[in-house]
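Each of the two complexes below includes subunit A, the first together with subunit B, the second together with subunit C.
Moving on to the complex of A and B:
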C-alpha cells in the first residue's frame, strides 16, 4: 500500500509538469504582448519603459531559458505579485482555498447521499414508476446548465421570495455563526452537487443491475437469505466500487464548476478569485489560480486512487 | 439532427455497398421503434430549422432584426399581439424571440463544429495510440491525463482571456480542448480490436498500418463514436453557454444563449421574463442530444447499454 501511494505520487510529477507547460505555452502563443500582460491596463507607459520591463522580466531570453526560470519560480511557489491587490498571489490563493473546499466537500457529500440511494432504488424497482421518474430526473439534470439552475435559485428563492440569502458566505456581523454559514451554503452546494446527483443514479443503476445478474447473487438467494441481506451484503458491496472510480469525473465538475457557482453566489473562493483576476486583467493571479486549481484536482485524483485501492485491494498489485 | 443525418447517410452508404449489411439497417429499424428517440430527433430538427431560418423568419415574420433596438420600449412585457414581442424585449428594447433564434444558431453551430473537431482529433489520436502503443501511447496518455487535470472551465477562461474569439475560433478551441474523453474510448476499443484475428489476417496479407486503422478498426468503433458525438455536442453547447455567460465566450452584440443570460441576470428586477427562455432552450437542446445519444447507443449496439 505504501509503495502504491509513493508510485502514485511519482506519477503525478509529469502531470504537474504538463500543466505548467500548457499554461506557459498559452501565454507565449497568445497574440497578447507579454509586457502588456505584466503591466495590465496601466496608462502612460513609453516604449523605453516597455523595453526595460521586457529585459527585467527576462522576456528577451530564449523560450527554453524562460521556461526553466519559470519552473524555478513555481517550484518555490513564487507566482509574482498581483498587480490589482499589490500582494503576493500565493497568499491570496491560500486564503481562498478553504472557502472553495467547504463548498466542494459539502457538495460531494450531498451528491453521494442523494445520488447513490436514488441509483439503488432505481435498479431495485426497475421498470416501475419511481425508476422512470429517477431516470427522467437524471437526464434532465444533465441537460440543465448548472449556472442557469443557480441563477434561478438566486432570483426566485433569493431575490423574489427572500427565503435564502442571495450570496456571500455570511450575513454581516455573523462571521462566526455556523448556522448562518450553513444557511448561506444551501444554494451553492445544491447547485454544485447537481452534477453528482444526476451522475450517480445512472452509474449505480447499471452497476446494481449487473451485480443482481451474477451467479453469487443467485446462490445467496437460493440458500434462503432474506432479500434485504442479499441486497445489502452481496449486491451493494460490489456495486459501490464504481462510486469510487467515478469520483474522478465528479471531482472535475466540483472544482471546475467552482468558477461559475462562486460567481453566481458571490462566494469568495478560488473560482471567484480567478474570475476577478480575469475581469481586472490581473495576469499573475489568473495563471496562479489555474495552476493551483489544477494541482488541487491532481491531488484529489491521487486521494481517489488511494481510496480505490482501499476499497478494491486488487488494484495495488497491478 | 446532424447526428441522425450522419447516421442515415452511413446507412445509405452501407446499403449501397452491401458490404456490412445488417448493422445500420438493423439500427434504423430499432430507432423507428423507439418513440423517445424519434420525439427528441423531431424536436431537435425543429430547433435546427428555426436556427437555419433565423434570417428569413426575422425579416418576413417578425419584421425585426436581431440588433434592432427600440430604447424607449426596453423591458417590454411579453405581448401576444406583436410576434416580435412574444417573449418581450430586453434592456435595449431588442426582440427577445428574434435574438433567441440567432442565439440558437450560434450555440448549435459551435456544438456541431466543435464536436467535429474534437471527434477528428480524438479518433485520430486514440486509434493510433491504441494501435501503435509504445512511446506514442505513453505521450498520449500523459497528454490526456494532463488535460484532464486542468478544470475545463479554467482552461477555457484563460484561453478566452488571452485570445479574442469569434464563433469559429471558439468552436475550434473547445474542440481542441475536449477530445480526451473520445480518445480514451477510441484507444480502449482499439486495444481490444488489434488482438483480434481479422486484424492479424490483414497484417499477414501485408496491409499497411494506415489501411488497417482506417478500413478495419475505424468501422468497428464508429457506432460508439457516433453516440459519443451526440453527447459531445450537448456538452460543448453547455460549455459554450457557461463561458459566454461569464463574458469570455461569444461577445455581445452577437447573441448567444449564454450571453443573453448575463444581461438577463443583471436586469432581473426589471425584466424577470428574460431569464427563462435562453435557459429553457439550452436545456431542451442538450436534453434532445443526450436522448438521441442514448437511443442511438441502444440501436447501434444493444450490448453497449450503459457504456457511456
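Moving on to the complex of A and C:
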C-alpha cells in the first residue's frame, strides 16, 4: 500500500506541473493589462504610477523569466501577492479554507447520513410506497438546480418567512455561539448536499438490489443471521463501492459547488474568494486557487483508492 | 492627478462606498428625545477592504474603512464648506506659495500618543517613497518632494513643523489652487500615526528602496484619531470597530460599528429588508420595494458622479466621431430623459457638461439641453456631410457606412440596458451600433488612450469631488497613455480655463467656478461624449437611528449625535 501511494504521488508531479504551465500561460494570454487590473479606474493615475506598480509586481520581466520566478515561489507555497487585496495569496486562501471546510464536511456528512439510509430503505422496500416516494424525491432533487434551490431558500425561508437567516456564518454579535452557527449552516448545507441526497439513494438502491440477489447473501440468511446483520455486514459493504467511487473528487466538487452556494448565502469561504478573484481578474489568486484545487483533486483520487482497499480488500491484491 | 490624494476625494470615496449625503427626504433631529448611549451600527457593503492603509489604497471600500479611524486636517461640513478637522486654522499666502495649517489643541491618538505635525510629515513622506501608491502627484509642486522621493534627502524640505508640533508649513514651487484641501490629507487623504508606523518604516532613511507598502500594520491599524477604533477584520465577512473614547469631538454615543460584507447589491437589499443592517445603499430598481418597509427610512440626494457614452475622436473605424456636428447629432438622437425615467427610475438628473449637479460650480442655465429630436439629429448628420444609404444607414464622406461599436462592462444592468436602448435609437437616426459587453477591467484596458481600435463606450465617473478642478478629464495634456482623456478631447479655450482653475492667479472659489463654467460651456457645445445623467445616492436606514442625515458632502459629519431610539 505504501509503495502504491508513493507511486501515485510521484505520478501526480507532472500533472501538477502541466497545470502550472497552463494556468500561468492562460492568465498571461488574457488581453487585460495587470496594472489596469490593480488600479481599476482610479482617478488620476500617472504613467509614472503605472510604471512603478509594474516594477513592484515584477511585471516588467520577460514572460519566461516571470514563469521561472513563479515556479520557484510556488515550490515554497509562495503564490505572490493578490493584485486586488495587496496581500499574500496563500494567506487569503488559508484564512478562508476553514469556513469552506465547515460547509463541505457538513454537506458530505448530511449527504451520506440521509442519502445512504434512503438508498437502502428504497431497495429493501422495493415497489412499495416509501420506495416510490424516495425515487420521486431523487428525481426531483436531480432536476432542481442547486443555485435555484439556494435562491428560493433565501428568498422564501429567509426574506419572506424569516425562518432562517439569509446568509453569513453568524449573526453579528454571536460569533462564538455554536447554535447560531449551526442555524446559519442549515440553508447552505442543505443546498450543497442536495446533489448527494438525490444521488446516493439512486446508486445504492441499484447496488443493494443486485447484492441482495447474490449467493453469499442467501447463504448468510440460510445460516440464520438476523436480517439487520445480513444487510449491514454482507450487503452494505459491497454495495458501498460505487458510493466510494463517487467520493473521488468530492473535495473539489464540494469546493467547486460552493462557489455558487457561498455567493448565494454570503458565506466567506474559498469559493467566494475564487469568485471574487475571477470577477477582479486577480491572476495570482486565480492561479493559486486552480493549483490548490487541482492538488486537492489528485489527493482525493489517491484517498479514494485507499478507501477502495478498505471497503474491498480484493482491490489491493489486483 | 493631484485630486486623488485630496480630502475631497477621500470624502467622496467614503460617500460613495458607504453612501453619504444630505437628505432630500429631510429627516430632522429628534428634538425633545434624550439620546441614549449604546447600540451597534451595521453598514452593508460589497467587498473586503484591500488595505486599511491609505497610502496604497485605490478602492472605495478601503477608504470607507480607514476613514473611520484616520482623519485629515480639514473636512467638508453638511453645507459643503471646508472646515477644520484636526486643524482649526489654515491659510494660503497671497502669492499662493505658502500654506500653513495650525492643529487643534490637545489632539491625542487612541493609544494616548499626541497627534502632531510629525504625523502629517511622516504620511507625506510615506506617499513619496511608496512604490505602490498612485498619489505622489499631490506633491508635484511641493519644494523638496522629488529630492526626498529619490533618496537625496532625509525629509521633504518644503514641509516644516514648528510651534511644538502644532504648525505645519508647506512651501510650493508654483501656485496650486486646490492646495488647501488637497494637501490637508498629506497626499494620502488621511494621516497615519507615525509613532507605531516608524517601527515598520523609518521616514528618515535615505534608502529609497525602503517603503511603507508591505507591513502588518496595513491591515491592523494601530491607533485612531477618528470616532472608531479598529477591532477586528474577518475576511469576506465584516470589519468591526469600537468607539474611540479619545475622539477629539468627544466619545460618540454608539458602541460598535460593523461594516458587513455582502456578495452583491441584492444581498444588501435583503439584509435591509430583514433588519440585518442599519443602513445601506440600494439600487434604483429596488427603491420602491424597500420604500414599502415601515421600519426603514429612505434618503435620496445628488452624487458627485455621472455616466456617459464617450466617443473616441481618433477612432480609425469611425472617423466621423471627430466631427462636432456628428457628436451633437448623437446627443440629439438619444432620448436621455427616457433613459433617466425608465432605466434609472427617475433617481437622478440629466447632465449636459462636466460639473455634476451636486457641485457648487454646477450651472446649466445657459447650456444646451439637447432635447431628444430625431429630425435635428438627421439634419446635423447631413450638414456634416453624411448621406443616407438605401439600407437606412448613413454613409460618411469617405463612403463608409456609419457603423460603429459601443462597448460597456458586463454585469452592470443599467449600462447594458442603456447600450440596448442606444442601439435602437441610433438605428432610428441612421447610425448602426454594434454592441459589445466585456469585463470592467478589460473594458478599461481596451479604451485607454491612445489606441484607435475603439469607437464608443459607456461607463461612469465616480471620482469627482466637490472641487471644480476637472483638468485630468479634459486638458489636452492628458491625451496620453494611461491618462483620463480617453476621448482625445483638445480645445485651447478649455485648456486655458482649466489651467487658470488649477494654477491661478485668482484661486477664489468664485473665480474657479467661473473658469469651470467656461469649460462646461465649451464641452456642452463640443460634446466629446454624451453626458447622460448624474445618479442620486439612494440610502435606507433603520428608523430608530436618530440624527442620521447624510448628504453628498459627508455621511459622518454629525456621527457624535447618532443614537438609537428604542
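One rule holds for everything that comes next: the second predicted complex is superposed on the first by the 259 of 318 C-alpha atoms of A that agree within 3 Å, B and C clash if a C-alpha of one lies under 4 Å from a C-alpha of the other, contacts with A are read in each partner's own complex, and residues count from 1 in each chain.
Basically, a residue touches a chain if its C-beta (ideal position, glycine included) is under 8 Å from a C-beta of that chain, and two chains touch if they have at least 3 such contacts.
Quick caveat: nothing in here was measured; it's all calculated off a predicted structure.
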| item | value |
| --- | --- |
| First, second, both or neither for A:263, with subunit B first and subunit C second | both |
| Partner chain in contact with A:7 - subunit B first, subunit C second, else both or neither | neither |
| Contacts of A:159 with subunit B and subunit C, given as first, second, both or neither | both |
| Which superposed partner A:301 touches (first subunit B, second subunit C, both, neither) | first |
| Partner chain(s) touched by A:19 [first = subunit B, second = subunit C, both, neither] | first |
| First (subunit B), second (subunit C), both or neither touched by A:290 | first |
| Partner chain(s) touched by A:48 [first = subunit B, second = subunit C, both, neither] | second |
| Touching partner for A:206 - first (subunit B), second (subunit C), both, neither | first |
| Partner chain in contact with A:218 - subunit B first, subunit C second, else both or neither | neither |
| Set intersection of subunit A contacts, subunit C complex versus subunit B complex | 31-32, 155, 159, 263, 281 |
| Parts of subunit A lying in touch with subunit C, wherever the complex brings them together | 31-33, 36-50, 52-53, 55-56, 81, 84-87, 92, 95-96, 99, 154-155, 158-159, 162, 166-169, 172-173, 263-264, 266, 268-269, 272-273, 276, 279-281 |
| Complex contact set, residues of subunit B against subunit A | 142-143, 145-155, 157-159, 161-164, 234, 238, 241-242, 245-246, 248, 261, 265, 268-269, 272, 275, 278-279, 282-284, 286-287, 290-291, 294, 305-306 |
| Subunit B-facing residues of subunit A, complex | 14-15, 18-19, 21-23, 26-27, 29-32, 139-140, 142-148, 151-152, 155, 159-160, 206, 210, 248, 252, 255-260, 263, 274-275, 278, 281, 286-287, 289-290, 293-294, 297-298, 301 |
| Subunit C residues touching subunit A - in the complex, by the definition given at the top | 1-4, 9, 40, 42, 47-48, 50-51, 56, 58-59, 131-134, 136-137, 213-214, 218-219, 234-238, 258, 260-263, 267, 270-271, 273-274, 276, 411, 439-442, 444-446, 448, 459, 461, 463-464, 472, 480-484 |
